[in-house]
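Two complexes are shown next, each including subunit A; its partner changes from subunit B in the first to subunit C in the second.
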Partner chain A sequence: MSGRAMRVATARPIRRRWGRRYLLPLATCAAIILATFAVADSFHIEYAYIASYPVFQYVVLATAWNILGGYAGYVNFGIAAFFALGVYTSVVNYLTLQLPLPLMILVSGVIAGIVGFGMGYLTLRLKGAYFAIATLAFAIVLNTVFNNWYFVGAARGVSVLRPPAPYFFGTYPRYLFGVMLGLAVLSVLIARAVEYSWIGRGLATIRDDEIAAECSGVPTLRLKLIATTLSGALMGMAGAPFAYYITYVDPASAFSLTTAVNTVAMPVIGGMTSWIGPVIGALLLGTLEQVTTVTISSALSVMLVGVLLVTFVALAPRGILGVVKALWERRPWAKP
Partner chain B sequence: MGEAVTQSAPVLRALQVTKRFDGFVALDAVDFSLREGERVGLIGPNGSGKSTFVNSLTGVFPIDHGSVLFNGTDITRLTAWQRARLGLARSFQLPRPFKSQSVRQNIEIPLMFAVGQTNPDRIAAEAEAILLQVGLGAQSRASPKSLTQVELRKLELGRALAAKPRVLFADESMAGLSDTEVDEVLEVLMKLNAEGISIVLIEHIMRTVVRFSERIVVLVAGKKIADGDPREVMSHPEVERAYLGQ
Partner chain C sequence: MGVDAELLFYALQTGLLLGGFYAAVSVGITISFGMLDIVNIAHPAFIILGAFVAYYLNSTFGIDPLLSLVIAAAPAFLLGRLLYKMYYYAFERHGEESLQGLAFFFGILFIVEIGLILLFGVDYRFVEAPYISTTFNFWYVSLPLRLVIPLVVGLLMVTAIQLFTSRTFLGRAILAVSQDPGALRLVGGNPVKIKEIAFGVSIASAVIAGPLLIIIQPVEPSIGRDYIGRVFAICVLGGMSSLRGTVVASMIVGIAEAVTATFGGPAWAPAVAFSLLILTLLLRPEGMFQR
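What follows is the complex of A and B.
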């Protein structure tokens, strides 16, 4: 075999693997973004973008939460804190530098990621309910801080005026829709990459048995810190555009209990062991919430989430993914 | 009865290791040494501190006093995963498989994290080879939930073996097994020892311990009361009184 022929022979499988690992997901994401835009545009009303925004926001939040809660089994109730960090980073920016939104999303991600790392370092030696309570306490502490920080409006809140939308997007709601859709796709790509990497394998062993994982050489604390940092960063990024979406920010909206509960409920209902679970949960519950809010009442949507959460925890603790997997394993046409 | 005469430099040493749980002293100034390729049996009645000793040496529990040396280096402050990477592996008294992963994936974890291999194909091939070595080749794709008790014990050993250890603690690897199954596991341990791995066998089945060990250490109420040749140790009056109830 000549040198060139050998090079070609060895390069092919690598190219094929590269394509499967990167090109295919990226092409799929591009197709999803374009198709979603086409569907939303087809309604010819701005409300389609406004109603879709929270659904994508939940995709980001649920996916981000699942990196620690689902992959590693550490239940974080501090969602509101990370989300609010993003929201208030945006508010501070609005009141001072007025940097463009994409840059603010990045800054929010960095700040929330650093805080996530710090919170993880302080709390990740705790386990189970103790860890969950510590994260909840963290959210309460941060809530108190923002309730008393007059620069960002303290308890009375602050109004945020939307700047003109970038030319390509036309209106600002359409721009926010695009930004959150992009963030949702990015967070899913990150969660998927984590799941299939050595980090994901390590996190799964932590969920199964942390002591056995340690004794197998898994640097458990290090992996959990990576997970809290990533998870916190993505939640912060989800919060950054919220100030421009809601246009009036106060601690009650930034630290919303509904957002926190929904973020935990979505992966639980969708399935926590894989990246697709939170996406399914967020799309289903997020859409259901929007539909019931518009057609019946927002109070009913909260109740529905509660009922679904209790039902799944009691009857299908592995979520929709678990149910589908169980049905697939019991398919009648399967070979014995 | 004093320390056994060491023929080569010890690979692992424990000096005055003490572990307390609140007021209860689980380990009381225990000294221990293990040579390269040595087979040692660690025995003692229930609650004597055997598992606590293993947990202390492998880094699962931090110790309150004393030190642990591996190849002459002080590893007292290292975490369990750092010790695993150095070559200290263990199996658990009650099997602790990674239930969400297949049998082969269980073996792949130490290969990835303790050994630091990165090539997926090589990791998979090596995991398959280890499974064949411990007699689980046919269960490679199965879930650990479907394994029998003896298979789970073998998986524990396979996972410890995948960390490419220099020292292996087999914590009651044969508890609850039939005579034939005990022989199977013992054969695996002998093979590993023949490859140069030092093994500490923590076991209740005395026949097996005596058959396997070159030296026996006896713990009673957190204290080492004997350390030496198996037959000498077993006939020692203090051991007979404390361990065998005679």
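What follows is the complex of A and C.
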């Protein structure tokens, strides 16, 4: 971990021109969004949007998970809980007010964020392992609650009809695709901003040695609470459009273990110490999963994720990012 | 608001019987999590694995689930040792077991579950044995054998492990590892070897609990998740490494679940253990019993 500590200490001058700080990332993001749209449109087939939606959903989830799991080293297994909160916020809205989707994404974010804060407040003073178990516990308690809540269909589920898509987007899958792409870019921007700010530096000290950090005056509990809230809010936001994506919501699909395993596997495989790691992991693994689901079978594609997770965590714990970094440092053409 | 005394009585009875089975399920976690400090969240997956071994042997060869329990124990012990070896060389040796070890066992849990789905499908499976539908009735007490047998086997298993850890040299060495691996090294013991054996015992106990589970109820691959909360709740509530505590905590969780199922509906039962776990972590993280 010393490499990271050194990078934190020596990295980037504090003052930068605002153009480089804000304009460049924003322009890059706009270019990425436009380019992705152009590529997806070029297939001239609805399925291109439907198949790439989960990939961007996993970019959001993996990035959100990494804010707490990668930066601070606290493993959250309650991903399904936050995701499902977003899904069911959407369902409740569908059954009552029918507010537009972007507003529901915001509301989902707020609800999941508040729940994340509450859960963090109750459990973050525990050791890491207890925290992980408590989050898993929380997901199952919430699952039981939704299994028994008849208004949202209980265990039987509820079907959700898609409203007409906003004019600019044409069809609804294209709209969902655009919304999720936007969320993915937004969450990556947030994670990047967190990583390079005092919050990210503080979280890194927690990951390296929490007791030493606490002794040196790092407000560890407050930092962890910020991370949990932010992470939970982003996961909730990723869940909100999902109700309209699958159009039939039941607790089994909203609380799927596959979502949780994917979300843990992607940052682990991509590399957890930087914002780009979960993005690499989600894009690679998400795409691989879509391809194997179509060409082989969906059970085998989730099996693949489990095997990759165990292989990477055992053999390359720094992920793809770590492997690339190690290869780069040993490059033959480097000056001695 | 009066509580129906008869219903409560039956709930207590079921809870106690169920508690005995929970002891069988959780004793392995008491060893791995409580004594060895290995957060094996894949533990319930091995229970389901054991249940499917019993199902397979029963449906293809007509072997009694209680016999398959004996057959499965030795391979499970070896599997546990192998798993610990992998865990040790990949994580514990580098002192990186916390975060990566959790992800590792999470992956194992998932692989076992999906593997069982690929092999057996997602249908509920059950076994056939003459005693499953037998019930003894004494006065108000009714003792269905499908719950009594797991209780007896569970308590026997805990007693055996208790005797093993308190009377044998190897068992005491396991306790020594849980207290201070460094000191054990100083007196010439090899903590890795001892932990490997203890983890083998832990996985074997999980696989042994599987046939008991499939005697109690039909099993499908994903019901293992319901047991994640239960086993950790029982382990923490019982005071981490105390076997006596595990039995008492199992009874408490069993009774709490049976009472909830009777008065609130069976669909709420999965939430009981988790609520107990979170309450324990908040109010008394050291649990009830300490050795």
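The criterion applied here is as follows: the second predicted complex is superposed on the first by the 320 of 336 C-alpha atoms of A that agree within 3 Å, B and C clash if a C-alpha of one lies under 4 Å from a C-alpha of the other, contacts with A are read in each partner's own complex, and residues count from 1 in each chain.
Keep in mind that, in the parts below, a residue touches a chain if its C-beta (ideal position, glycine included) is under 8 Å from a C-beta of that chain, and two chains touch if they have at least 3 such contacts.
Since the structure is predicted, the reported quantities are computational estimates derived from the model, not experimental observations.
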Determine, under the contact definition given at the top, whether A:Y248 touches first (subunit B), second (subunit C), both, or neither. neither
Check whether A:T220 is in contact with subunit B, with subunit C, with both or with neither, and answer first, second, both or neither. first
Look at A:Y196 in the shared chain and tell me whether it touches subunit B only, subunit C only, both, or neither; answer first, second, both or neither. neither
Compare subunit B and subunit C by how many residues of subunit A each one touches, and report the one with more. C
Looking at the overlay, what does A:A155 touch: subunit B (first), subunit C (second), both, or neither? second
Which holds for A:F77: it touches subunit B only (first), subunit C only (second), both, or neither? second
Which partner chains sit in contact with A:Y22 here, subunit B, subunit C, both or neither? Use first/second/both/neither. neither
For A:V261, select first, second, both or neither according to whether it touches subunit B, subunit C, the two together, or no partner. second
In the superposed view, which residues of subunit A touch subunit B and also subunit C? none
Within the complex, which stretch of subunit A touches subunit B? 198, 201-202, 204-205, 207-209, 211-221, 273
Please give the residue numbers of subunit B that touch subunit A in the complex, ascending. 58-60, 79-81, 84-85, 89-90, 92, 96-101, 105, 108-110, 112-115, 118, 159, 162-163
Touching subunit A in the complex, subunit C uses residues 33, 39, 41, 86, 90-91, 96, 98-100, 102-104, 106-108, 110-111, 113-115, 117-118, 222, 225-226, 228-229, 232-233, 236, 265, 267-268, 270-271, 274-275, 277-278, 281-282, 285
Subunit A to subunit C touching residues, read off their complex: 69, 73, 75, 77, 122-123, 126, 128-130, 132-134, 136-138, 140-141, 143-145, 147-148, 155, 257, 261, 264-265, 268, 299-300, 302-303, 305-307, 309-310, 313-315, 317
